[in-house]
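Next, two complexes with chain A in common: one pairs it with chain B, the other with chain C.
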Partner chain A sequence: MKDQTAKTESKRDPLVRLVKRDSVSAARSVIVHAAAILLAMLVCGIFFVIVTDSSIIEIYSAMVSGTIRNSITVNSFFKEACMLLIIAVGLAPAFKMSFWNVGGQGQVLAGGMAAAMWLYYLGNKLPNAAIIPLMIISAAVGGGIWALVPAIFRVKFSTNETLFTLMMNYIAIQLVKYLRITWSPIHALGMISRKAGSMPSLFGNQNGWIYVIAAVAVIMMYVYMNKTKHGYEISVVGEAPNTARYAGISEFRVIIRTAFISGAICGLAGFLYVSAIDHTISETMGGGYGFTAVIVAWLAKFNPIFMTLISMLISFIRSGSSEIVSRNTTTLDSSIANINIGIFLFFMLGCEFFLNYKIVFRGGKEAGK
Partner chain B sequence: MLRKFISVMLVCAMALCVFAGCSDEQAAEAFGTSGTKELCKSGVVSTVASEVAEGTKVDLKIGVVLIGDNTETYSKAHIDGIRTACENLGIDPDDSEQVIWKMTVGEDAACATALDELVAQGCNLIFTNSYGHQTYTQAAAEKYKDQDIQFVAMTGDTAISSGLDNLSNAFTEVYEARYVSGVVAGMKLKELVDAGKITDKNMDADGNIKIGYVGAYPFAEVVSGYTAFYLGVKSVVENVSMSVSYTSSWHDSDKEAEAARSFISDGCVIISQHADSEGAPMAVQNAYNEGTVVYSVSYNVDLTSIGEAILTSATNNWAVYYEYAIKTAMNGGKIATNWIGGYEQDAVKITTLGSQAAAGTEEKVNEVIAAIKAGTLHVFDTSKFTVGGKNVTWAYATDSDGDFNYDCNNVVADGYYHESYTQSAPSFTLRIDGITELNTGN
Partner chain C sequence: MKDNNCDMEARTEAASAPNGCAVRLTGITKRFGSVTANSNITMDVRRGEVLALLGENGSGKTTLMNMLSGIYYPDEGTIEINGEAASIRSPKDAFDLGIGMIHQHFKLVDVFTAAENIVLGLPGKSSLNMRAVRERILEICKKYGFDVDPDRKVYNMSVSEKQTLEIVKVLYRGADILILDEPTAVLTPQETERLFDVIRNMRADGKSIIIITHKLHEVMEISDRVAILRRGEYITTLETKDADEKTLAEAMVGEKLSLNIDRPEPHGLVKRLEVKGLSCVDPEGVPTLTDISFSAYGGEILGVAGISGCGQRELLESIAGLESTLPGSSVLYYPDDGEPEELIGKSPREIRSLGVALSFVPEDRLGMGLVGSMGMTDNMMLKSYNSGAPVFLHKKDPSALAGSVRDDLGVVTPSLSTPVRRLSGGNVQKVLVGREIAEAPTVLMTAYAVRGLDINTSYAIYKLLNEQKEKGVAVIYVGEDIDVLLELCDRILILCGGVVSGIVDAASATKEEIGLYMTKAGGPSPAPSEKGDDVC
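For the complex of A and B:
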């Protein structure tokens, strides 16, 4: 019966409709994001309550105390946040240009391989003062090339850069597997070299350079995107390619250049992994941050401050989850951190939907604000 | 702009060089010494499980980094060992204030992170259980050498050459158990020969019976193990040849099963393994069920529940070492830099014999074990094997400079290769006649 009435009253609205919002006020954005974070915290908390048998307050106080327990945990927290941030900063200009670079992981690995090459061939033969600059330059070039290849295909043959950069990840992963066997002194296990090409500590802190490089990268990227001609070209190419053409901006040049810079910064992250953290290459290098950083950059709308905050949030979930696991080591394992990061990102991405669309029920007002 | 960008990068790079300069001296210290014989630090391996050094009692918090978890046979053996040791010493292994477990930690930077976290949580006795963990364990020992923490890289081999006081290695003389498990396999082979069940398909061109071995990596640990197993088989049945296939993974059920199936189709009668999954034994059991004459000698844990084709497993009794190490640390003592223990210390054994083991195996096994304990039987007796057709009279067993090549300490004397003599980890890497490696392990 209902079907028949629906047929006859063809103009009648469906029960639920989605209406795109014209604009989003800052206040609304803050409220929706805050609600998403609270909901995510609640779901994570409930998840932990179920698996560990303790209250939600105990869970969160343990997460905080685990993160700030001592200098080791605080350093680990900042290190993870900074590494994620550097990769996100690298991806941001490409995304801003509507070049969907999901190849961050491959670019990190390519940079890592290029850097580790020197450890194998020249480690302990040249002083670190000579090796480290070589590592930095080749890591940037290596990561850059990994992004450049899809960029050239995009501008020359209009290939889909999302798939292309994704596939480049797998090429990098397989190459790393192969090279790791060749380069590790004990068949793909352990470090290539513990001392050669190792970043010196700064201000007595082993992660000192990582912090400095992350800070410099964020500031330089902010200036580059907002205060330079290049940054302007990137946003024009990204938002209105036709306008770009009309204005005489060479799409070819901008895409090639930006993709290279994007890949080069990811490559530098690869260098940091090899030189300051892992001292080897492995397909697990960076723990998949090349992928997580895509979401960080996109969620933050390429805003450096938001990228910093989101990176810190993810790092906190990681270190906090690890503390919970340590307290329940016979029942939980380290994959819990990834589950929680997944829950957070799900809510953060989900709230974007409610920011951009309004749900209208039958009979509701249509004008979405 | 591009040019400017590059020049900025270069300036940054140059600035880094200046700072990088300060770590050169450290690098020279760790790697600069050449591997001459004079520089060799001769190791003295202690097997003093009963003698626990006494000092002031300390509140112990134990950290454990494991490559696998309860579902993986190698790590399970370690978990069981630590649990038994803890329970014997009045420590609750489930209380995270006393023992923190880090499971499924890879042999990469994840290991460094896990070690940092254990130190941050106040652990003062930290074990890592896989060979590939050791570079990270050593780095952590160096990083935290000012704190009162003892690190043990189980199965590792760099504690002596590292020169670090807070780093130790430990291993069992599991090659003895491998040899004994080889004797079990040999007894079965003999029974099959006598019963006329060995066909041409099971023989190679030289009239040797074919057996197969699934190895993980071409490391000393694996080479020592399969050579001991082969010599055990050979001590019963003289005409036997063995092929070794490496999987390049400690735990890869599919690859191990694939290697086993390949051996089976080639006509191998016994398949043993140094790999931590049940892949190979399952493949053997499946072939056995289909009527193939093939048996498995496994590793780590008793797998006779899989079926009749499983003869036994060589295994470690890690509890012996863990109890020694934990007790020593509790009493404020220093854990031996290198520890080994074999049949004499009850640190190795073979698991219960399967129902298809040949008659008289039990007696033969006991006889062999007694001879090993008495020192009248040496697994690597140089009169029992040849390398390139010649008897071995000289072999280095110590890597003095950390390049993973042996450069000092000859261990061939008194007619046998002294395994685990200068370091607790196996050192035997001679490729003896009669064993063929089918791949390089890469």
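For the complex of A and C:
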């Protein structure tokens, strides 16, 4: 009968089995992550060798040179890393609270629209010293409202915030498309002076303010999440809503407040796109970083230092890839960068498995990392 | 009965002998990282016996059974089932070998019926003959004396019905070896009795039953033999008829014990709480508490008895401000000086600042009261984090408190920042109770404070409660073990169907008397219960 076959089968130990690890030492974690990054780089390199017919040395040197060749490429590398980082920092507190905010993209656009509004109506009429603070505040409020709406529906009607924040992205995209037509002066550069509402340079660097804002955001978010009462409330509500109720923490207040902060930081990123980078709005603003940032925040387990490192790695892959694309414009286009970022994320997510489990082969031999 | 010994010679015939070994474990070792959960365990289970597996929290009982049921795979050692070496790689392998485990946390799909849950995951043809399934279920029920309605949805079932369903599920799959992990922890005395009847029927049918439990009197009542584990090691197996509760407890703990609970004479009683006309309804409008009135005094322990789900939770939660009450309800708090204060309408935080502490221990210890991913220090400040200067957290006091709770209550933890979810159940509970007591409350409410705890820890908690009582704290103790209630408390309030059916003096009351109040006899007429499946 069935029983018998099962018995003969089960005489032997399983060929491969997985053993959950109890805890992971810091050293092991560093080694596994480093191995994953090297493997990802190796696969990226091999991929380019196949599609471009270059040697692997050429590929890597092109990627590095595309990043550090001159001050323009270096600045572009840091700028992209910082923008991704700011959005990831914005999303982190919401995730920590188990509020799955995948509406980063929409919140960036909402912030961008709110900032561009001032540009359109008062761009040539007010001095920058007045208009930039107005842009910053309204961008934060705009992004915040974009996150606030799903939050209110979540606490009042228990709607699913993942779907809701996702859908809010599309509303923002359509609104931007509409405004691009009605606000054509911003679209058609030149109607408004390029200087109007532009972030001034800092330390002689056009992106200076972006770097400063990213650094401040990372540090403040670290302090906010780990050292403040608000951060503590976020952890309690995120992990144990019943415990929060029992401790007298108002779930309503914490979710509303945190969602707003999360959206406001994303909105601030939208302001930076309008004021310091694009000087216009478009629905592709931010290049999908609202989604990439979700993975950055998760991979880093909301640790700001890791978020910084991962953002820089992704930015490196992006700048390196576009360098290779620019050398092979006949065969490649810019979407190659996304393929490579995908390869990188695949390895980074995959290594989590090896951190949490070890593989044991029949006969008790253990597979290494 | 002499030669049903599972020694070496008997082993070869074991498969054919009617009283042979159903399970034989040899040198089983299981490690999790640096922790050795089971170390070189060698023991056996006979056919047609009830074996109680006894051990303190963290002694490795559940781990050992999880290896039998295919959830873990042993690092070392061999398992023989019915005399044949077996490698149990998955729960499916375990089922194929006739091993079924009923876990503490039920694994059922809420929106499915009983019958659907039973066939879930079974191989079969593309069309499913539910009528045949139903008949088979009813046949099993009839054989062993279960009461299961195959068409009832799981979300409509009480805890004991769900447990019954789990047992029927494994029997349906042809299990001959059943493992029950603390099955009585969630049952009332009556339900426990019914479960034991079923277990006896299964034993008579030749099935082997392994039951994990902490309750010594249940071990004495139901088991044929008792296997004892201590800190991951196998100590011994005793014939139940040769053992008594005291020897078992000592074998389990490894030292001499006294199994008496002190009850210091209450003195200097002061009225602390006066509950008048307290009523609650659940979200569907069904009354959960009806016109509750009683007083609690500083310097005494007021026990609350009752079949589970008769309003104990609602009672404590309404006093703590977590449950909304009907108009006309009143809970007066009498401070040392000044006028009595009305607690109804105050927020949990305001009530707590008056000194009314609720140490509520629900089925899921981590679900309410603690945050699993946080260490002891962060959990200590759960209620006090908002005090002190604004904006930033102040971790100095909570850290000192965590240290003293760890030392005073003997919490075993690698460090104060180790996530409490990694601690064993007993230690988690000590952290919770320790924090509540540290607040120096004037009213301390505990619910099921010792549920699932081992003997040593339970007694440590009784001692803590007595210390609070002697300090003049009004202690309200919701318990499920009537023997303990009678020994520990000064007065016992009995709830039945959301109504106070009696308040008795614990020193003179008997178990039978309380049992009667629990089932309404002698109490006032019961509240109309629309919930047909309600235990009351």
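Here is the rule we go by: the second predicted complex is superposed on the first by the 326 of 369 C-alpha atoms of A that agree within 3 Å, B and C clash if a C-alpha of one lies under 4 Å from a C-alpha of the other, contacts with A are read in each partner's own complex, and residues count from 1 in each chain.
In this text, contacts are C-beta pairs under 8 Å (C-beta built on N, C-alpha and C of every residue); 3 or more make two chains touch, one makes a residue touch a chain.
It should be emphasised that the depicted structure is a prediction, and the values quoted were computed from it without experimental measurement.
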Touched partner set for A:Tyr121, first chain B, second chain C, both or neither: neither
Partner chain(s) touched by A:Ile72 [first = chain B, second = chain C, both, neither]: first
Partner chain(s) touched by A:Thr280 [first = chain B, second = chain C, both, neither]: first
First (chain B), second (chain C), both or neither touched by A:Arg17: second
First (chain B), second (chain C), both or neither touched by A:Thr330: first
Larger contact residue set on chain A - chain B or chain C: B
First (chain B), second (chain C), both or neither touched by A:Lys229: both
Chain B versus chain C as contact partner of A:Ala240, first or second or both or neither: second
Intersection of chain A interface sets (partners chain B, chain C): 228-229
Chain C residues within the chain A interface of the complex: 32-35, 73, 84-89, 93, 96-98, 322, 347-349, 352, 358, 360, 366-374, 378, 381-383, 385-386, 390-393
In the complex, chain A residues that touch chain C: 2-3, 6-7, 10-14, 17, 20-23, 227-229, 231-233, 235-236, 239-240, 242-243, 245-248
Chain B residues touching chain A - in the complex, by the definition given at the top: 1-2, 5, 9-10, 12-14, 16-24, 26-27, 30-32, 69, 93-94, 96, 99-110, 112-114, 116-117, 119-121, 131-136, 138-139, 143, 217-219, 248, 403-404, 441-442
Residues of chain A defined as touching chain B within the complex: 69-70, 72-73, 76, 124, 127-133, 136-137, 140, 181-182, 185-191, 193-196, 198-200, 202, 206, 209, 216, 228-230, 257, 261, 273, 277-280, 282, 284-285, 287, 322, 326-330, 333-335
